[in-house]
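Each chain carries a letter (A, B and C) given by its place in the written order, and its residues are counted from 1.
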Amino acid sequence: MTSVSGPLLKVNNLQVDFGSGDTVTHAVNDISFQIRDGETVAIVGESGSGKSVTALSLTRLLPTPPAHYVGGEILFNGRNTLALSENDLRKVRGKQIAYIFQEPGTSLNPVFTIEYQIAEAIQLHRPDVTDVRAEAIRALDLVGIRNPAQRLGDYPHQLSGGMQQRVMIAMALACQPKLLVADEPTTALDVTIQKQIMDLLRDIKVKTGMSIMLITHNFGIIADIADRVVVMFRGKIVEDGPTGEVLRHPKHPYTRALIDCVPKLGAKQRRLRAIDHAEIEASA
Amino acid sequence: MTSDLLHQILRRRAGAFCLVVLILFYVAAFFAPLLAPYATSDQDLTKTYHPPTGVVWQEGRLAVRLYKLVDPTCAKYEAEPGQFAPIHFWVKAPTYHFLGFIPVSHRLFGVEAPARLYLLGSDETGRDVFSRLLYGSRVSLTIGLIGILITTVIGLTVGGLAGYFGGVFDSVAMRGTELIMAIPGLYLIIALRAALAKYFDDSDQIFILIVVILSFIGWAGTARVIRGLTLSLRNRPFIYAAEALGQGPVTILWKHLFPNLFSYLIVTSMLSIPGYILGEAALSFLGIGIQEPSTSWGLMLSQVQDLKVFMLNFWWLLTPGLAIFITVILFNVLGDVVRDIVDPKLKTQV
Amino acid sequence: MNAPATPLLQVENLKVHFPITAGLLQRRIGEVKAVDDVSFTIERGTTVGLVGESGSGKTTIGRALIRLVNPTGGTIRYNGKDITFLRESQFRPYRKKIQIIFQDPYNSLNPRLTIFKIISEALEIHFPALGLEQRRARVAELLGKVGLKPEHMDRYPHEFSGGQRQRIGIARALAVEPEFIVCDEPVSALDVSVQAQIVNLLQDLQEELGLTYLFIAHDLAVVEHISDFVLVMNQGKIVEAATAEAIYQNPQDPYTKRLLDAVPKI
């Protein structure tokens, strides 16, 4: 492991466009932020704010076209992933930056067992591991799956949505990445499962010391886990700061609106606060 | 929706080309009695295996060369230098009924007898191959459309009802399709054709019989796929919403389910039309399809199984094969173009 | 509150069991008790929240009330009349009174129909006397009611965002002028910011039209916000039934406590 001074991930003036000519949209428009070693950063915004595009851009996962990386740089461990060859990039994907997505059911291949899928990930990125099965069991154990040895032979459809997401996280962790990108990992899950997965991510962060980039539209779920919050609105970053600070004293009206629209138990509001985009646009 | 699809097809070069050529083919088939210089059974036994007549510009008008039979044993013709017969337009011909009721007594072009106009040569009894190709295209080109119509209607009804209602009807219908699919197709066709032939002697009836036989085998596959698609659509909330409004099952099938199968149906139809054209050709080639005096491309091909045709290089007699080949390719390419248009998954990659 | 003598909806010992079949002859080898002996009442003009996780049977209850699935046993009384085992033709008048809004805004609208046709279908069935111009006027009015513009009616569903589609789904339900609407997880698939708009819209419509809701969700915070009375459901049974305040302040069942605990706190 080469220790590089500076943050693990540094995004400078990134711009990503979709389409070209008259129909071009700036999905991500000149954004800069960083993630330090062992830090959990939440990127919060509504659908279409560019948060998922940012996440996928880190290892150039967006198909080009329609996407175009127009400008800026993404420095991961000091290397610009936007300039890497496709070959070098493959060594970063999964091995250094791992992803988990919203729909665990569609991210797992239905015709292979859990063991096969985790083993495949390990063999691909850690060829030095000799006892792959033991490593897979360790990964399942880490994500809180009971009797991991027995679960190995299961197929994805035999597991609940929450269990599937745990397996996805286990697969990601098995490669010991430096950065875990979680793109709306709990949106499709029940609230109690959502909480379990969030607790699990926090545990893992403590145990492994890896960095997490958490993409979400819900300010409610990040309070307990994120060290820092980056708020995105229409392709731009409108606020970036420590979680507690942002939650208590949001500077941008959009951040305040996003926090206010989360329903609170026992709040006794007659109406929920909805976001008035025109007003925010005017004040921004 | 439909006009949008047409617009999209025309915007693609391959699609526009195939569509325009196919439309020309169908127009030619429709107007065959007008365009063809001779009737299908119009023989001239003095001009068997006549090569295509040369068309030249002579004395300010189009004319055909005249030929002399130099060697009757191998049907060798030679053009007579300086001998021409002028081509006349809108010539008088024996009266026939266009579409069965419009009396027409002219053809678009022709030459005065005893000269003959053989644009694509003549066959073993001196009949004009070009005219027979035009008349034959009426059978070969419509058999696909009618066949698709029948299989789609049966497949949609059986598959749609099975998928929508499920239960016993579904089980029975699907076992039925399996039964049909388990019978070797060619044997069934030959057996049915043989068994039913004695009740059908008129050539139009035989044509209908062949379409029905081919469709009878074809609908099972369509029904199974439709059933699968219906099953998956059945559980979409917009179907529940229609039920919750009190909409009846027939309207739900017609208004909500079938339009969502449209893109699938149009693609499969395009891609299975060639199957019917080839099926008719195969049946006629085996001698159990269209019978004389009617004609079809398959029947014309079966008549050139003669060794003489190959040995003496009467290439013009193989033009029905070329016509089948071109039509099949055109339908396949058009089907691919339509699939690219209606399949949204492929669309995003363009 | 002077509640009327008969509640709008009374459900007693409702059971919905799904057979598990196998083999060529579809032999019955068992059953899934999706809803198992459930009783509750809904008063006119109120919102009853039904909360539970996936597989708890909450969606099946909603579908049984509007007869998208057939009940196995028990009784459902609407306005005092037993509607549990009515034939489809007898049930038809109730299709005008009971409506439903679905969770998935992407699949709840027929992609091949314009917004006008989608909403107008309800009018054609239940108000056959209306002419085309009257129907267009009525659809425009309904779109206005849910915060959309009349010019939206000639567009197709794919041109709208998730939140807008959910509004269209609400307009379709309102078209028959219902009294009672089953809201089957109407906000679960939406961003929190859009969720707030839809919840507010539903509350406004309730006030304006005097509607009664059964609001189904898995998120207790939303249910607690919108409901007067809350039912907590787990594995086909109702484990707790209380007013929204009581559920929040004094939960009795351990499962309710777990659900409360899972609600994120800012």
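By definition in this document, contacts are C-beta pairs under 8 Å (C-beta built on N, C-alpha and C of every residue); 3 or more make two chains touch, one makes a residue touch a chain.
The model shown is predicted, which means the values in this text are computed figures rather than measured ones.
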Assembly fragments, subunit C aside and the remaining chains unmoved: A | B
{"item": "Chain of greatest Cα-centre distance to subunit B", "value": "A"}
{"item": "Leader among chain pairs (count of C-beta contacts)", "value": "A-C"}
{"item": "Gap in Å, rounded to a whole number, between the CA centres of subunit C and subunit B", "value": "53"}
{"item": "Inter-centroid spacing, subunit C versus subunit A (mean Cα positions, whole Å)", "value": "33"}
{"item": "Chain centre separation (subunit A, subunit B; CA means) in Å", "value": "57"}
{"item": "Subunit B residues counted as touching two or more neighbouring chains", "value": "none"}
{"item": "Subunit A residues within the subunit C interface of the complex", "value": "46-47, 161, 190-195, 217-221, 223-224, 247, 257-259, 261-267, 269-275"}
{"item": "Subunit C - residues contacting subunit A, complex", "value": "53-54, 161-162, 191-197, 199-200, 203, 218-222, 224-225, 245, 248-249, 258-266"}
{"item": "For the subunit C and subunit B complex, residues of the former touching the latter", "value": "24, 26, 63, 66, 68, 92, 95-96, 98-100, 102-104, 107-113, 121-122, 125-126, 169, 172, 176"}
{"item": "Interfacial residue positions of subunit B with respect to subunit C in the complex", "value": "1, 167-168, 171, 236-238, 240-247, 255-256, 259-260, 262"}
